[in-house]
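Chain lettering (A, B, C, D, E, F, G and H) follows the sequence in which the chains are written, and residue indices restart at 1 in each chain.
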C-alpha cells in the first residue's frame, strides 16, 4: 500500500501539548508541510511567541527562536535583515499579535520585511485562561468579560488582515479558517503562497487563521468549529485581502 | 474699531518656542479657539507628547499632562475613564503617534475612547533633529536617510487616518492640511466637529494635520508650504475619512 | 500549638484542589487557621495539580511543605512524586481505582480505597475527589461528618444540582475511611508542637 | 604640564561651536591634547550654545570647566552668564557689535572687538565667529596664523566656497587681536602646572 | 482499498476526524490510550474512500492514509 | 477701513502672512524685534480688506484684525 | 466581618475596593490573572471600572492618566509585564503621582517560567528604571497581610505622592487563607488634591509633568524627592522580628512567604535546642536598615534566604556593615527553599561560626 | 592611523564598525542621535545595514533576533529608551545572547531633561529588569576609551554570551576628542557559534530561548550564569587608580567623565599640599570590589562623587565594608559637580576626618 498522507518531515512526531481538538495543531501541520514542499526547512528560522503556541519550537524541525510577548515580528526583522538568506517566519496568537504586538506587526509589514507571519486568531487569550482579546467577538463571554464583550466599552474586534491590507507597502495578506476540511485545503495553498512570496524575495506575507479554543470557549471541539463558523466568519471575512501584484506604486 | 480677529482666550499670550513658520503654532490656535467656542476650556485636560510639541502644556489655558513618548492616548484613556465629565485631548507628532505610539492610538480608537486626538504629521522627527519618521515621503532626505527614504528598505509612509478609519468601532477621522488659508479654515471646522463628537459622547475623534518643519526640511517656511502641497498631499489625501453616522453596526 | 499538613495530589481536572478547599473551609469554621497552597504544572492542560492544606491552632507558619503529614493521592504519577516525601508516621491515602500498584513504605500508614469505583457506583467518576476527602476525614476525624456536609452544601449553592452527588460521595468515603481507621488502627490528629510566637510588628 | 581652557559662548547658529572646533583641530596638529565639550539649551532652537575647549600638553583632565581661563563671547546673555566665571587673570573677549555694554572685572583682561561689524564689512555677518577666533589667536598666539589658516582650509573642503570668507574673517580678527595684545599688554599662554600622572589601568 | 491508520497514542479523542469524514465511519474507541484519551478508530473499513479529510482535520497529526494503485487526487495534497 | 496689527515681539518673520495676504501688502521690516527677528508690517494700509487670511496663517498668533461697522463674514471665523 | 477563605489575588482585588479604588487597568499574565478577573466582575457591581489594556506599556500610562486626574487606581502584573512598565514607573515617580502596582513575581529572566519567585526584588527596590527615584515597596507574607498592605499602599502612595508597589512572591497570589476586610462596601476616594487635573474651573490651570528642562530646578526636584524618601524611611519602614527575644547565634533574613518557611524551620530547630532569630522587612523599600542592623548585631552570623540568586543580600550586607558575615541560601527559577533546606543551611552557618570561618 | 577629532557618539559608531558590527538598529533620542545618524551614512559604505526601528521595545527585540542568528549587533539609546528595553534585556540575558547596548545617559526620572547625567547606574548594574541576571557594563571616561571599550564590548559579549552595556554619561557622546582606531576597514564578524540560528542544514535544529518551564533546569541555568558572572568578575573587572601612589587621607570614587573632573580637582588640591587618591571603576558591572576595597583601606575616609543621587554609593559602601565612612557629593538633573565643588567636598571630608565625625 502506498502512503498518501502521512506525518510531515517538517515536524517532529511526538505528541503536542495542545488541548484536544485545538486547531493550533492543524496550522502547525500546514506550515510544517510547506517547509518541506518548498525545500526550505534547512534554511528556515521560526519564531515562537508567548501564548499557547509558545512551544512551537518543540514541534518544527528547523531552527527556532522563542520570542518575548508580541515582538516576534521584531525578532524576525533582526534575524532576516542580518541573514537575508534565511526563510524567517513568526507564529503568533491574537493576544500576542493584535494586542501587545500591534506596533511590531504593523511596522514590520510596513517596512516590507521579507518574512512570513502565521497569525492564529482564536478570539481569546488561550494560555492565560481565556481573557478577552482584541479579537473577541461582541457578546462573547470571557473570563474578563463576564457579561460578554460590550462594544460600548471594549470596542469592536480588531481585524488585523484588513488593517495590514491598508498599508501601501506591497504585501500578501490573507485570511483562512480551520472550520472545515475544505477551508483547510484552501488554507494550505495560501500558506504555500505566503512562503513563496518570501522565498522569491517579493514581499512581506501574512496569513490569519481563524482557529478554535475549545477549552476557553467552553465547548467541544466540534461545537467550536460550528461556533467559529457562525460567529467569527461574519466578522472576519476569508480570502486574499491583499496581493503584491495589485500594488500600484506611489499612488494611493 | 471692532476687533474681528484676536488672540484666543484658550491660549496664553506669551511667545511660543516653535521655529519661525512652523505650522504647529496654527494648529495650537485652532485647538485653543475650539476650547473657547465650545465652552469647554474649564473642563478640558490636554496631553502634551514628546516631540516639538512637548511644551504644548505651556500654551493651552487648561489643565495639562505631559505624557511619555507615544503614550498620550493611554494617558487620555486613564484620565477619561476615571473622570468622564472631562474633555480630554491629545496633541501628538508623527514620530510619537505613528512610530512608538502605534499601538496606543489604534487601541484607544478601537476601544472607542471618547477622546480627541490632534495628530501633527510633519513627515519627520522634528525635535530630535530631523530623522526619518514612518510618515516620511519616499525619496525625502532626512538625517537618517541621507539618500532619501528608500521604499525598498524602509517601506512606504504610514497613513494613520486610513488605518484608523479601517476600524469597525465608530469614530470620527479626518485629515486636514496647513498649506493655505483656505485649508486652515476647513481645518478649523473639522477640529470643532472632532471636539463636538467627544462632548456629545458620540465617539473617538481624530484629526490628522499635514504640517511643516522648515528647520529640518531645510527650507523657508513658505517653501515648506509648497513642498508640503506638492509632496505630501498626493500621499495623504485630505478630507473626512470616517464619520460615526456612517457606521453600520455589526456588519463589515 | 497543634498543626498538620495534608497534600491532595492529582492531575488538573481531578478536583483535588476543590477537595483541599472544602477541608480548609471546614477548618476555618472550627476556628482553626489554614493555608491552601496549590501548585500546577506549566500553563498547559493535563499537568499535575496539587494543593497543600496546612492546619494549625495558631498562625500557619510555612504554607509551603515539602514533607507533609498526610497525602491523599489520585493517580500513579502523583503517588510516585509525593509518596516518598510523606513524613514518617504519616498517612498515604491512595485511590486504588487509578493506582494499580502497591506503594512500599513501612514507616507510614499506606491505605488504599477504590474511590473511583465508588464514585462511579454513585453515578459520576468526577466525584472521586469527594470520596477521597470523605475517607480522609473518616480516617482523621479532624472534623465531624455533619460539619463537613454543611460546608459542602454551602460551597455548592451556586451549582446546587451537584450537592446530592457530592454529599453522597463524601458520605460513602467517610464510611470507608472510618472502616479503614478501625481496621488499620490509625490514630491521626493535629500534631502537638511547642511553639513560641514572638510575632511583633514595629511601627504597626 | 601646560594647560588652558577657552569657553566660546553664544546662541545656536552663532557658530561658536565651530570656532571652538577649529581651535581644537589646530591644537591637535601641534600634538597637544584637547577636549571640546558643547552645552546647549533644551531640544529647541535659539537657546544658548557654547563650547569649552581644554588644551593640554598631557592628558586633558576635566573637559567640564566652570571657571575657564578665557572666554570668547558673542552676545550679552552669554556674557552675563559666563563673564563672572572667568578665572582671575584670564581673558574675556567680547563681540562689541552685539554687546552694547561694558563688563566690569578688573581682575581679568576684558577686551572688546566689533567682530560683527568687521564680518559685515567682509560681506557676511555669519563670519563673526571666525573674526573672534582670529582675535583670540592673535591675542594668545597659541598657534601661528599660518597653521590656523591651514586648518580652516582643510575643514571647509566640502564647502570650499566659504573658505575665502572664513580665511579673511580669521585674518582680520587675527590682526585686531595682535593689536589688542600689544595695546593691552596681554600675556596669555598655556598655564604651567605641576601635575603628577599616576594613570594606571589594571587588567588592561 | 484505501485505509487510514490512527496513531493511537497521539490521538486526543477530539472527534474532529469524525466530524470531517464524509463516510461517517470513524468513532471513538471505548478504550483509552496512554495519554488517557478515548481514541479514534474506523468502524467500517471497507467504506473508506481515502479522501484524507480526516487526516487533514486532525490537529494532532495522528492519522495516516494509505491507498493502492493509481488515484485521481481531488485537491493538491 | 479694516486694519491689522502685528504684535511685533511675537512675530518671527516667517513670512507666512505675506504669503497669505491676497492684497500683498505685508512686508518684513528692516528692524529686528526683541526676539531678533525682522517682523511683519503692512506697507499699504488702505488696501487691507480685512480678510483675516494673514492672521489665520500666522503660527505665532501675532496678528490681530480690526474692522469698522457691519461686515459680511466670508467664512465661519 | 467574618473571615473568609480567599485566594491572595482575589483578596488583593477586594482590598483595593475597600481602599476606595474603583479603577483597575491591566493586561493578562500568569500568575496574577485571578486579580483582574475578580475585579472585572466586582468593580461594575460597586460602580467602578475594569479596563483591559492592550499591553503593560499602555497600562502604566493609563494609570498615569488616572492618578493624574486624582483617583485611586491600581494595576497588577507579573515580572515580564512589570519590566515593560519600567519607563512608566519612572514617569509616575517623576510626576509624583500616587498609584498602586502589584507584582506577583514569577521566575526570570526572560520568559523563564510561571512558578513563584522573588527575583524582582532588585528591579523593585533599586534601578527600577532610568533616573533618580524610588518606589515604595511592600512585601506581604500572608493573604491577610496582602489585604492590609494593599490598603496601606493607597494611603502611602497618596500621602507621599509616590507610586507604591505591592511585591508578592507568586505563591501569595495563588494561596488561599482566611481573611478579614474592613467593614465598608467601598473605601474613601482620593482626597481632593491641589495638583489633580479636574478641569480648571475657578482656578488656574494645572500641570502634571515629569519634564524639568532647567537642570537647577530638576536637581532641586530630585533632592526634594529624596528628602521625602528619608521621611518615608524614618516613618514608614516596617519589619517583623520573629523569635528574637531569646539569644541567638544565627539571624535569618527573609521576606515575603519565604519568611514563613523560615519560621517553620526555626520551630523545628527549637526542637533541636537551637534558637534562631529572624528579621523580615515588610517595607522592602525603604528597607528598615537600622532595625535590621540591630537584629544582626545581636547575632554571630547572618543567613539570608531568598527565592532568587541573592537580591536582598545587598541590603542585608549594608545593614551588617562589615560587622557580621552574611551567608546566603537561595533557589530560583520556580523552586522554593524548603523547611529542610533552611535547617540545613542554618547548620552550616552554625558550623562556620564554630569553625571561625569568614 | 592618525588621531582625528571626533564626537564621542560618532566615534562609538566607527568603533562598532572596527569591531565588525555591520548591523545597527535604533530609535532616535537625544543625546545620542549622532550615533545612528553617523551609522546611517557609514554602514552602507561598508556593506552593513542601518535600520531605524519603530520603538525601543522593538529595537531590543530586533537585536535579540540579530544576535540570535550569530552576527555582531549594536543599538544605542538614552535613559527613557533604555528603560523601555528592560524586558528585552532580560530576554537577551535569559537566552544568553551577545549584543551591545549603548546608553548615553540623560537626566531622569520620567522625561526630565536632555542634559548629561549618570542616573542610570542603578538600572544598568542592579535590577535592570525582572529575573536573576546581570549585564556587563563598561563606563568610559574619554572618547578614546569609549572607542576601546566599544570594541571590548563586542568581545566580552561574545566570550561570555551576555549582553554588554556601554554606559556613557551624556557628555561623552557630545564631546569631541582626538581618537585613534584600529587599522582595519571593518573588524571581524562573530565567530561561528554552535548556538546561532543559521538554518539547520547538515545538523540538528537549534533553539534560542529564555523559557525553561522545569524549575530545576531554570534554577541550574541561573546558577550556571551566576558562576559565569563570577568568572567575569575575576577576569574582566577593570579599574583605574589615580594618584594613589603617595599616601592619601581621602579617596575619591567616581566613574565616567565625572572622574576627570575629580582628577582636575586632585591636581588643584595637590597645589594646596593635599594628596587625594581616586578609584574609578571602568567595568561598573562587574564592579571591581576587591580592588576598590584595597584603595579604600589605604584612606581614612572616602568621598564618592556622582552625577546622580548616589547610585554607585552602594558598591562603594559594600567595598568599604563598614571599615571606612563614605561621604557623598552629587548633583543631578543635568548639573555636573564642578572642580570647585569637588575641592570643597574634599575639604569637608577632611574636616570630618579631623573632627572624628562618623
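In this text, a residue touches a chain if its C-beta (ideal position, glycine included) is under 8 Å from a C-beta of that chain, and two chains touch if they have at least 3 such contacts.
No experiment lies behind these values; they were computed from the predicted model shown.
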| item | value |
| --- | --- |
| Count of contact steps on the shortest path from chain E to chain G | 2 |
| Chain pair among A-H, B-G or A-G whose interface repeats that of B-H, sharing over half of the contact pairs by residue number | A-G |
| Chain D and chain E, separation of their C-alpha mean positions in angstrom | 86 |
| Whole-Å gap between the CA centroids of chain C and chain E | 42 |
| Rounded Å distance, chain A centre to chain H centre (Cα mean) | 40 |
| Rounded Å distance, chain A centre to chain E centre (Cα mean) | 25 |
| Sequence positions of chain C contacting 2 or more other chains | 42-43 |
| For chain E, residues contacting two or more additional chains | none |
| Shared interface positions of chain B, touching two or more other chains | 19, 54, 66, 68, 99-100, 102-103, 107, 127-128, 134, 154 |
| Chain A to chain H touching residues, read off their complex | 41-45, 47-48, 54, 57, 60-68, 71, 74-83, 85-86, 103-104, 107 |
| Chain E-facing residues of chain A, complex | 1-8, 11, 13, 15-16, 18-26, 29, 180-181, 184-185, 188-189, 214, 220-222, 225 |
| Of chain G, residues touching chain C in the complex | 3, 5, 30, 113-114, 142, 171, 174-178, 235-245, 257, 260-265, 267, 270-271, 282, 288, 291, 336, 338-340 |
| For the chain D and chain H complex, residues of the former touching the latter | 21, 24-25, 28, 33-39, 42-43, 60-67, 193-196, 198-204 |
| List of chain G residues in touch with chain B within their complex | 23, 25, 49, 51, 53-55, 57-59, 61-71, 73, 87-88, 91, 95, 197-202, 205-211 |
